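Sharing a structure, written as structure tokens. Questions coming.
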Amino acid sequence: MKLTKKRIAEIVFDHNDWASRTFDVVLLVLIFGSVIVATLDSVAELRSRFGTTFYILEVVFTVLFTIEYVLRVWLTGKTLRYVTSFYGIVDLLAILPFYLSFFVADVQLLTVVRALRLLRVVRILKLGRYLSEADFISQSLKASMAKIQIFLFTVLTVVLIMGTLMYLVEGPSSGFTSIPRGMYWAIVTLTTVGFGDITPSTPLGQFIASLIMLLGYAIIAVPTGIVSSEMAKRRNPHDLINTKTCHSCGAEGLGVDDKFCKKCGGEL
Amino acid sequence: MKLTKKRIAEIVFDHNDWASRTFDVVLLVLIFGSVIVATLDSVAELRSRFGTTFYILEVVFTVLFTIEYVLRVWLTGKTLRYVTSFYGIVDLLAILPFYLSFFVADVQLLTVVRALRLLRVVRILKLGRYLSEADFISQSLKASMAKIQIFLFTVLTVVLIMGTLMYLVEGPSSGFTSIPRGMYWAIVTLTTVGFGDITPSTPLGQFIASLIMLLGYAIIAVPTGIVSSEMAKRRNPHDLINTKTCHSCGAEGLGVDDKFCKKCGGEL
Amino acid sequence: MKLTKKRIAEIVFDHNDWASRTFDVVLLVLIFGSVIVATLDSVAELRSRFGTTFYILEVVFTVLFTIEYVLRVWLTGKTLRYVTSFYGIVDLLAILPFYLSFFVADVQLLTVVRALRLLRVVRILKLGRYLSEADFISQSLKASMAKIQIFLFTVLTVVLIMGTLMYLVEGPSSGFTSIPRGMYWAIVTLTTVGFGDITPSTPLGQFIASLIMLLGYAIIAVPTGIVSSEMAKRRNPHDLINTKTCHSCGAEGLGVDDKFCKKCGGEL
Amino acid sequence: MKLTKKRIAEIVFDHNDWASRTFDVVLLVLIFGSVIVATLDSVAELRSRFGTTFYILEVVFTVLFTIEYVLRVWLTGKTLRYVTSFYGIVDLLAILPFYLSFFVADVQLLTVVRALRLLRVVRILKLGRYLSEADFISQSLKASMAKIQIFLFTVLTVVLIMGTLMYLVEGPSSGFTSIPRGMYWAIVTLTTVGFGDITPSTPLGQFIASLIMLLGYAIIAVPTGIVSSEMAKRRNPHDLINTKTCHSCGAEGLGVDDKFCKKCGGEL
């Protein structure tokens, strides 16, 4: 089989035969590999020992990703549309930092961009069996969005008022040096994270803190309730595939294993 | 179009044409602006650098809010009802602190009141597409209120008994200097906030603490379960698309499967 | 109206006329008062200032509770049954500590028992409108009990294995001085309390800790899911009162405000 | 009744008469006893006082478990299948550490393996009334697995990006010495554990941390929602009372409203 442009496009974009699947797996390994190298490179002692290895690997990864990017730009019909699409920008951001590092002094800022490479995994996963499930979650969240926005606005109002109150009650001696810090503490407390870097020390402050915590206990139920009820209402993607319809009486939602319609007794 | 009293009332109270919508947006910007200024003003280093700017901005905000308040009082038919209403008081509290600061020495206490300005945003949001969603949440919470009250009372009983127990078991050396402090610790632990400012150090104390945490793990499910089941039961505002309207009496929100109007008995 | 034995029993046990309701309210005030006094008495600085007042109040509370206890024993037909019942023991424990304090040296241990007085509030609340709601919660929890027991056993197995692992990986230098302490840390982490009194410091320990936290994130969903689904299944006490049944076709679950049956159109 | 091989097999494998039930209870006591001894043995002060007793108990436990293991190997028909099965390996791991400790120097590593003995309890519990309930939970989790995998992958992407961001913003001075440590902090924060061993100290870092916490607040709803809706959909083992059984083919668990058996088509 010759490597015609059509054949290469199949390997890069499709997921049907062993060649295109091998391409996907190699890409997955490269993406995870490059992210792991970027992560380990930030550990000072590993960098001092394996710094050169890491740099060589980064060069290899970037060259391979560049080849892949050029291939995609060449193979895509509507090039401009790909380049300006979400995945096009993510693909570009995966290789840009390395080339920019020759011109820009502050290399560190480019490290975050390298972490974005992980987003590229989504494209490959999207085409597997996970698609319908991910769709289920994101649709449930989208449907809940308006309610969650209101909820977050309410939380922020509580955070502002409580942060201001604690700033006045506790003051700088307990670490509440400003209203923004008080709000930071209120968020830490209301979300039940509770770092403990700033804590109330006066009895009144501890009393108000107790109220905030009990409030947080009650309102943590709200987003969970919103998403739960939305998901319960929504039909599970699995269930859509897994039901039969009776050809005799038209009853829907019958189990895949059922041999007879439970409504009319007709054979399925 | 002349600025008659009727026209001004339309701009202030309604949300239909571009003039009234501009009024809403300007008000939103002013409210958020004033809250942000009040917040930043509490940061010591920002205050020392931009203190004068912050003060001038605060004067501008207060003058504009005062004009708005006077407008509302003048435009409302039932003035007394507005002034004593929830929104009337919130509107007054938005401007009062500034004027009071000339007479009262302790200006700090007025800062909290300025944070209350954020509550004014609710009025504007109430009239958008968020109304039905916010209604859904608040109705679900109201219906769950009796259950949540019982739940909180149970939690407080557990907190009192556990707080007393830890005060006796751990004692002042671990920070449990009194029963109220023990109760504060029990709330911090039971709500899974876990600051770590007070922690048990004896084996027995750590054992009791473990029991409290596992208990908290089990009972955190209760408020979530209450709100979730309440929301699942309740009709989602979105679902209103899937309802029928009676052509005889115009009753809305009827079930798709209903054959007769439940209000007038007319066939659907 | 004479204070016959029957009349006194009505006042003490019933909740129908103003006399018995006043008795309930006075009892509520006494119970909360005695608990608050016991709590404040544990604060060292308050004790040194108001110690004598607290003691006199405690004497008054105990005398009144003793009179009440004697009344209940006298009024109840089946005295032995009352004395050995849950409420009988709670009532006795409310007064016993004070009398024991004359004979027992270690008065502190009796303080916990005083906190148990709060349990007496339950009896009074039980007879109000909260009964059906509390019943709903406790029935949901009872039905979920077998599942929650399995869940807690699974959690404890995870805690034991993770606690042992962390004890070996981190060792005493990070505070993991023994397996029980490792288990205490695992519970603190798995329940997302996270005090921070013991934290992993080695990279391997932090990696294992991350796995435990992600595990905890996933399994916190289990008890909530159990209780939520149990509550969603169960009929809400409110709903039981608030439905009508059609007398024409026998359709159930109709809204209280409905005037016509939505199934057959018959007038309700 | 003679102790024939068949009789011993009944006692070891079945749970029907008093002899086999006594065997189960004794085994339960031995398992819990051995785990508790291993746990207490790790506490330095207990080891120095009761070290010899602990060692003797460990010898006794191991001898008894060895006898049990030999019995199982002897009694099982398909020996190889048992030895290589999950329970076979767990049974072997329960006794192996002790014998290995004579050859291996690092005894400590064997302690974790001793903790695995707790897994043996599962076999005994499996045959009680908990079976259907545990089945319900594990089936709900299995059905949610694909969704939870996607969710965990999303969480890990967020963790990587946030960990990198905080490493750049906060730097080593606040404890963010590398990206892996930043990711550890992000997991600690996102799961609302919040140890407080690493906390942001710059205003920008605290602002980003606040965003992560609010995000964690919103997405903690997702796994709970997934499991809740899965459990609500699934038939509760308790509900099996409300099912019909087909008299033709004996199929169980048919819906109360079903008119025909879905397995054989027979009228119900």
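Residue numbering begins at 1 within each chain, and the chains themselves are lettered A, B, C and D in the order written.
The criterion applied here is as follows: a contact is a pair of C-beta atoms (placed from the backbone, for glycine too) under 8 Å apart; a residue touches a chain by one contact, two chains touch by 3 or more.
Given the structure is predicted, the values throughout are model-derived calculations rather than measurements.
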Chain pair repeating A-D, as identified from B-D, A-C or A-B when over half of the contact pairs by residue number coincide: A-B
Farthest-lying chain, centroid of Cα atoms versus that of chain D: B
Interface composition of copies chain A and chain B: same or different, split at half: different
Cα-centroid distance, chain B relative to chain D, in whole angstrom: 41
Inter-centroid spacing, chain D versus chain C (mean Cα positions, whole Å): 29
Shared interface positions of chain A, touching two or more other chains: 180, 183, 192-196, 220, 224, 226, 228, 230, 232
Touching residues on chain B, where the partner in the complex is chain D: 192-196, 224, 228, 232
Complex contacts: residues of chain B adjacent to chain A: 35, 38-40, 42-44, 108-109, 111-112, 115-116, 118-119, 121, 125, 129-130, 133-134, 136-137, 140-141, 148, 152, 155, 180-181, 183-184, 187-188, 190-197, 220, 223-224, 226-228, 230-232, 234, 236, 238-239
Sites on chain B touched by chain C in the complex: 143, 146-147, 149-151, 153, 156-157, 160-161, 164-165, 167-168, 177-180, 183, 189, 192-196, 199, 203, 206-207, 209-210, 213-214, 216-218, 220-222, 224-226, 228-230, 232-233, 254-255, 258-265, 267
